[in-house]
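Common to both upcoming complexes is subunit A, partnered first by subunit B, then by subunit C.
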Partner chain A sequence: MTNLSLFAGPPPNAGAERFADHTRRLGHRPAGNRTLIDTLDRSGLVGRGGASFPVGIKWRSVHSRSRGGAVVIANGAEGEPLSRKDQTLMTLRPHLVIDGALLAADAVSASRVLLYVGEAHAAAVAAMSRALAERSTVDTSRATLLTAPPSYVAGEETAAVHFVNTGVATPTATPPRPFERGVDGRPTLVQNVETLAHAALIARFGDEWFHSLGLNHATGTILLTVSGAVAKPGVIEVASGSTVDEVLVMAGGVRGKARAVLLGGYFGGWISAQQAGTMVLDPKGLRAAGGSLGCGVVSVLDEVADPLDVSARIMQHLANESAAQCGPCFFGLRSLAAATTRLARRQPEHGDLPQLHRWAAMVRGRGACRHPDGAVAFLQSALTLFEPEFAAAAGARGRRAS
Partner chain B sequence: MNNSILWYTTRGAGAVSLILFSAVVVLGVLSSLRFETTSWPRFLTTGLHRNLSLMALVFLALHIVTAVVDPFTHLGWLAAVVPFSSYYRTFWLGLGVIAVELLIAIAVTSLVRGVIGHAAWRAIHLLAYASWPIAVVHSFGTGTDTLSAWMLVIDVVCILAVAGAVVARLLARPPDPLAADRARFRERVSRNLPR
Partner chain C sequence: MEMWIDRTKCDGHRLCAELFPEMIRLDDWGYPIITPGAIPQALLPHAERAVAGCPVLALALRRQERKPGQ
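Moving on, here comes the complex of A and B:
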């Protein structure tokens, strides 16, 4: 049950599916038009890059501004260190991604398609490049492969647009958002590669088929990267609406005893193992409930690992990935990471713990992009779930803060 | 109405304009230096810069209008708009007209900064460094009070203040504390793209 839809077809060890096999298995790419956007609306497909934004609404807003000159960016930058699902998808099913990008271009009447693939993901770059070469000149005349620098923010949509425009992958201030003014000032659809691959299948088999794949009223399937204390870490495809427990069974079960699950990656949050177990993985439902599946990362922390140490390392990484454009993000995340690290080493300075709470509230919402917000959301989930550990660490030298 | 009231108003408003615009220039330089102390936050510099500049424009308008309507000089409106078109002190008045028109460009672009973008706004705003000295020369050339002691004191104080601020700006390190880190990050994520 781990290759339902995107990974249906040849097994992973067969490598990238060739264009001839892809066409034999799934037929030719159908037409991309307004009807497809309506179908996507009904399918309930939401973006899989992290924000879970409804796909139909996004395509329609680009289409209404397009006048034939829009641009589509297939976003496969995948800068999230815990995620592997985009690179795996591009490595195994490159033609599904390219189909989705071309369908999107047809549907929003775009003249240009950019396949934006993380340069660190060598296998994905090679597979996408070979797949593009297998396509007709009609396709290749409007689609270009572009490698994204290996940084966390390079996949943020304004950063992707900025990179195409200037060669510098840093986020820019919004508005205008890319759908208003993006590549060369044109309306630009920036869509995650997994989302596009789903769209390529929905265009062929319809929204009812997509609904039938999901469980518990969720629609479609999701790609997850399972890591940490599980027997078989890696990328799996599961039915939307599966619970975390079911996912962990598919990943070979938990090694040892689970303490917590990091859901959604570095921008996600910690959830206690008990609470996570019965949690239903439904991108649309989680978004409606104010949560997020993020980019589909499920990472298990066992009871042996030190949650403070793991959290401090993640904060350090996020602080280092600040583009140094906004003071609150650059200085704020650096201070937050330093204080978290001191607590993790059990060598806190006086007041570190209350400072973490205070600074976290001050940083949120004060960047040009959402980088500081994501980092703070992660930290706050750690402060909540590992409250006893943090409190003990704060009093480690007999100087209990606050 | 006594005509000399208009003449006194022209002279007084001119002197006040000089003081106010000198303060505005100094505040502008200070804001680009990101000057701040615990009792003088940065928004005070920018807020004063903006408000004083509007106040200065009012005095400048008074200076111009009273000069034009003064029947003794009967300059005419054309002389207030077209540089070097005045029969009366052609060169010195022309300098004043140029300074005012540069100022109008600076004020208008500041009001529509959101529309024209930061780079264009900044390029125009740098014209302040031309407008202010031209206005000072204008005051030396045509002022009735130029040689009176109180006017000389105002001139000296204004010139020293602006010159001091500009020198401080030229000597200061780049004021952006993130510049080096941003450059480093940009280096990491920059690529030469085939277009």
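Moving on, here comes the complex of A and C:
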């Protein structure tokens, strides 16, 4: 349980690790090449931004199209309201992120590296900016820091590319996906900053080392943001393969009695506390099982809170964060959020509950990006787990027709 | 061939659902729901009419999408 890899080294209160200390502790950045991509394949590393896509496959798809002109975007936008892990990582270990981004650039034959950091995360922006200034001119000649606007969708990969190209951080229709045609029309690798930091360590210590960090056949470590009804909320690094119960112990234990756990953030889903307890946090394994660790958010809902109210607030946020480009997302999420809110206030209109189920199915898969899909998956998890509450709310005195 | 839509362009003008009702219907907000999959040969002229009729050029006919990495 004390496996530390990204946060090995100086304690959190020491702040950002300086370049000299980073190099003394970990040595110089090794070579980034095809061999590294093979090593990443064997390591089992998957993306930590939310999609859990295998990293080796992603890098290879950019490399095969690159011809030397590809672009790497290190994605530290972190627009998920419950997530802090990317900003914490960039604040404490900026050089691991930069190493990972430069290694990726070498491995996929990219000529340009963009460090895309959420402008709302001031400490991370400052640490990354200072870290870049500590680097050689060879590094800084191809790496640039740019800040991402503070919207939920700004970190979506086509939105990141669109922002670099036009200054507007809204998703675009696919295909083409960024790995085919991204920044300036070049093949572009958009990779979450935690993923890149893991790659920087795997490049140094190898895939077998990465395997040795995990538990229960999972590989490596994961950064989690634990929040809600726990004694010590915050960002922790745990061995992949740890259970939710083990994680909650590390976060100081549950305050009161847990009712449910929100896993993966606003794009994730509710799981009953009972079921969550023994759940194994393994990004690759969860993906294979059709679930998702998402961006590593673990948020505990206690028995005092009203799950409908919390769910309605999250739906309102997601509706507001629609980029308002695609009709089914913009109008659909507004309708879904409004009906969820009426139910949460126990003032439903006739048919609100069946309408939620119907609209959820109607909206899925009908945006340029996966924003509506994430919102709908979240809502459906709420409708399933809190079914008794929703049913009672639908029967509450309301403006019922007939 | 299958119907591809750029959702960021579509403004819900609804012409496609009138021109190609066999595979396009409208949702509760007036935006097209496209039946997934290949368009039968016999219906291709209708599909082409829908593509040509879209006032914001949001529709296109494409070969089935291949799906490598995201």
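Note that the second predicted complex is superposed on the first by the 394 of 402 C-alpha atoms of A that agree within 3 Å, B and C clash if a C-alpha of one lies under 4 Å from a C-alpha of the other, contacts with A are read in each partner's own complex, and residues count from 1 in each chain.
Just so it is clear, a residue touches a chain if its C-beta (ideal position, glycine included) is under 8 Å from a C-beta of that chain, and two chains touch if they have at least 3 such contacts.
Predicted, not measured: the structure shown is a model, and the values here were computed from it.
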{"item": "Side-by-side fit of subunit B and subunit C on subunit A, or clash", "value": "clash"}
{"item": "First, second, both or neither for A:122, with subunit B first and subunit C second", "value": "neither"}
{"item": "Which superposed partner A:146 touches (first subunit B, second subunit C, both, neither)", "value": "first"}
{"item": "Partner chain(s) touched by A:289 [first = subunit B, second = subunit C, both, neither]", "value": "neither"}
{"item": "In the superposition, subunit B vs subunit C on subunit A residues touched", "value": "C"}
{"item": "Contacts of A:325 with subunit B and subunit C, given as first, second, both or neither", "value": "both"}
{"item": "Touching partner for A:61 - first (subunit B), second (subunit C), both, neither", "value": "second"}
{"item": "Partner chain(s) touched by A:361 [first = subunit B, second = subunit C, both, neither]", "value": "neither"}
{"item": "First (subunit B), second (subunit C), both or neither touched by A:172", "value": "second"}
{"item": "Candidates 4-12, 22-30 or 40-48 of subunit B: the single one with C-alpha clashes against subunit C", "value": "40-48"}
{"item": "Shared contact residues on subunit A - subunit B and subunit C", "value": "170, 325, 327"}
{"item": "Subunit B residues within the subunit A interface of the complex", "value": "177-178, 181-182, 184-186, 188-193"}
{"item": "Residue ranges of subunit C touching subunit A (in the complex, touch as defined)", "value": "5-12, 27-31, 33, 65, 68-70"}
{"item": "In the complex, subunit A residues that touch subunit B", "value": "146-147, 149, 151, 153-154, 159, 163-164, 167-170, 322-325, 327, 330"}
{"item": "Subunit A residues within the subunit C interface of the complex", "value": "51, 53-54, 57-58, 61, 157, 170-173, 175, 177, 179, 325-329, 331-332, 335, 359, 362-363, 366-368"}
